[in-house]
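Here the chain labels run A, B and C in written order, and each chain numbers its own residues starting at 1.
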Amino acid sequence: MTTTENPLAASTPLIELTGLNVVLPTGERSEVEAVKSVDLVVHDGERVGLVGESGSGKSVTGRSIAGLLPTSPRVRVSGSIRIRGQEMVGAPARAWDEVRRQTVGMIFQDPLTFLNPTMRVGRQVAESIPDRRLVRSGAGGDRTARDRAVFRFLRQAGLPDAEQVAASFPHELSGGMRQRVLIAIAIAKEPSLVLADEPTTALDATVQQHVLRTLDETVAELGTSLMLISHDLAVVAGMTDRVYVMYAGRIVEEGPTARVLTEPRHEYTQALLRSVRSLTDRDTDLYSIPLALRQRFAEEPTHVA
Amino acid sequence: MVPPPETGPTADAVTEAAGRPGLAGGTGAAGTTAPPDGAGAPPPVRPDAPAGAAGRRRPPGTERSPWRVFLRKPSTMVFLPLLGLFVLIAALGPLLVGDPSATGNAELLAPSAAHPLGTDHLGRDYLARVVNGGQISLLVGFTVAVLCMTIGLVVGGLAGYHGGWMDTLMVKLAEFFQVLPGIVLALVAAALLGANVFIIVAILSITMWPAVARIVRAEAMRISQLGYVESARAAGFRSARIIWSDVLPNALPPVLVATSMTVGRAILIESGLAYLGIGDPSHPSWGALLNSAQAYMRDGWWLAVAPGLCIFLVVLAVNMLGDALNDAYNPTVGRVK
Amino acid sequence: MKARLIHYGSLLLSSLILFIAVITVLFFLLELAPGDPIQTLVGDVPLSEAFRAQITAAYGLDKPVWERYVLYLGNVFTGNLGFSFGTNNEPVLDLILSRAGNTLALAVPAFLISTIGGIILGSIAARTRKRWLDGGISGGAVALFSVPNFWFGMLLIMVFSIWLGWFPTQGKSPYGQPGIGLEYLVLPVITMATSELAYKTRIMRSSMIESLGQDFVDTARSKGLSSSHVLWRHALPNALLPMVTVSGYSLGYILAGSVLVERVFGWPGMGLLFIDAINRQNNMVILGVVIVLTVVIILVNILTDVVYGLVDPRLRAQFSPQRTLPPEGRQDRQSDEVAA
């Protein structure tokens, strides 16, 4: 892998997936291998992108890092998920709770459905602040300290009217504001990794830019790692140092973002870039990846490094 | 990522159709709200599927048809024959068990070989009475269900498809019958107009059709918004034809679910009315038998057990079949959280 | 704010229209009934001339149909529900009110037990990973609402009163004593509560499963909250919203069901009054009970709507005209019925 040029490679990675397989049920008797022998590493302070079209398995990969796969007995995970070196496949629910409370903060796609409609925003953010952080910062666990922390995180997420926002219900906010609330929830635990799953897909273009900038700044301020999952190459290009390309459950290409986007090595990445360019360039015909090529990508277990 | 729940629009419609049971607090209707069988009854885990191993998958399109899923369900395999048995007994039984009103045996005989269900307070063979009583109960249940389905299809289809005042009228009518529980209206009407079986069937149908109509209405509203229906309309197809060919097939599964629930509710309400003495005294239904049994709970417990058990089993069967049908049409595997 | 006023205004108006519609139907049922209108109105009993004159005047029986209709409506709205043909010719309203307490003594506990029990059992069934537990609760619920509840009451009497001798079989108190004996209350309340309990358990189970499947539950889980916190603080409040509506309707059904339960247990409430009136064709009492029941149901529906507006912040803050809410969009039926 290309991590040899990364000075942090020697230390224990923050996240390390090795040979991860995830099988999900799709019907009464059918299932799909959503993720197939995926290897993926995120180091402290690193910004990693995970791109692929819908159904490529990128979201499932992201969710398995946060332990947020459906809890059905029919969901089967095998391989290895190491978080700070601790093996999480088969770990008890409490260990996962601890990871979600301390280490991984997740930002979801749809700002409306991912907020509880019957709970005020402030409380939803407050729930995400671990008590011990308040205690450690000398503020104690009391209510006003918690409120102050909530306002701070809301402001950090780009909501200057924090007091008012905290007192609101989600339906009273705009889509962009709701997405910022989700960011506040994710950073309120001061996590080691912010895991953003299509964080701006549901927003319109201008709002998308603002929210992305906020996410960029917040991650920089907190010095946390970022894993950005997106179908949008442009989003990933501006935000990440290193990128994984996923197709049909496999990682087909991995490398520094600039390199992968300028000289892709895998045919699928090339095709994907070509189809994106055909959308933006006026003088190119619209290109979509031909079916024959798709079938070949799906069957080949290629893993170009 | 997480597979989307495979519930079509019918899932909502079915639940919406739940209406309310008309009898003595809450029977039947809840069946239609058959929730996604999430943790409830997940499909059996195949023993040959090793945990953690990559399993085989079934390409889309080879899922079994809902009807076959329905017919293969364990509850269907139990309750469909059971219901069939009751229908058969009601149809042919009276020919086999003799005259239900013949007296001459000893009174209040406990069940024995000669009288499998004992005799009643007038020395009549109780088996003959129970078998004959089933005719009325089943007849009322199924007739009301068929009438409700017919009214529901026509009214719901027109209201949902055309909207406007037709829709408003239907919603208001449905609301009216929601306010007054069916059994109360039936009691008043039977008391004032007479208590024969036709009046009871008519009243029950009049009070219970909205459950079906709501489903058809929802489906028709959805369908009439779709592009291809617009184009069919633009091409000059008549709305009756569009309703028939497009609305009906989609609405049918939830309508059948609601109809099966209607059978159960109608039987329960009829038995309640008969228990209160509203009904044809010369053809006592199961409820009427329970009315007479009330006085002999101490000395003839079997008089109260058999008819009630029959009502219970028939209603249970139609409710379970409705549930199974609903599950078959709305599989909900992806919802498991 | 204005939207809310409009909403409640139209709610009141449609309730009033519904009420008038019910009265109208009752009036025409009376008109349709064969025979002498006075006899129909008061029932098939010998009449004194004085009573005949009183009825004729009160209901305008010598006037044309529409005048009779207006008179009837006027009587109902002024609380004059007619007179019983019993010995004292008691006003029907007094008669009903004297029985209402006994019915409420059954209906209120049955309502509370079925609502609270339904919420608890439904939540357990939705949440548990133990298939036998969910299967047991769900199967029990299907079975219980397939049971004719008057028969269920008879079974309870046969087992617990006649066989085991734990409870009395009939009535509300020892003979000749006023008030209600606690041991007399147990079986009828259980009978009344069971089918509603079954219904609410089912509704709650599906509502809870749906709520647990919502995206915001993922957000709550992503905070590392314990699964019980996620269940009680996040999933439950949202799952309860449909229960508000269901509970509102259930009170009406419990009251209607009291007709059967009171007959089984010889409980002298409104239901038994109703049945006695039907058996003796005491028609003004019959209509009176239906009118009172209608009023109660309509009032409860209005109350339900108000409560719903209070518990759902989306309605509390700004009134949206349609009631389809993301977590329980399937509750459309109630929006049709209540909001319209």
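Definition applied: a contact is a pair of C-beta atoms (placed from the backbone, for glycine too) under 8 Å apart; a residue touches a chain by one contact, two chains touch by 3 or more.
Predicted model, so just to flag it, every value in this text is computed and none were measured.
The greatest centre-to-centre gap from subunit B, using C-alpha centroids, is found for A.
Looking at contacts between chains, the pair that accounts for the most C-beta pairs is B-C. Each chain gets one centre point, the mean of its Cα atoms, and the points for subunit A and subunit C are 50 Å apart. One simple way to say how far apart two chains are is to compare their mean CA positions; for subunit B and subunit C this gives 22 Å.
Each chain gets one centre point, the mean of its Cα atoms, and the points for subunit A and subunit B are 48 Å apart. Multi-chain contact residues of subunit C (touching two or more other chains): none found. Across the assembly, subunit B contributes 42, 337 as residues in contact with two or more other chains.
By the touch rule above, subunit C contacts subunit A in their complex via residues 214-216, 218-227, 233-234, 237-238, 241, 311-314, 317-318, 325-327. Per the touch definition, subunit C reaches subunit B in the complex via residues 14, 18, 21-22, 25-26, 29-30, 32-33, 40, 125-129, 131, 134-135, 138, 141-143, 145-151, 154-155, 157-158, 162, 169, 192, 195-196, 198-200, 202-203, 205-207, 209-210, 212-213, 217, 249-250, 252-254, 256-257, 259-261, 263-264, 274-275, 278-279, 281, 283, 286-287, 290, 293-294, 297-298, 301, 329-333, 336-337, 340.
Within the complex, the subunit B residues that touch subunit C are 5, 11-12, 15-21, 23-31, 33-36, 38-42, 171-172, 174-176, 178-181, 183-185, 187-189, 191-193, 214, 218, 264, 268, 271-272, 275-278, 287, 290, 293-294, 297-298, 301, 304-305, 307-308, 311-312, 315-316, 319-320, 323, 335, 337. Contacts from subunit A toward subunit C in the complex involve residues 66, 68, 93, 97-102, 104-106, 108, 110, 112-119, 124, 127-128, 130, 169, 171-172, 182, 185-186, 189.
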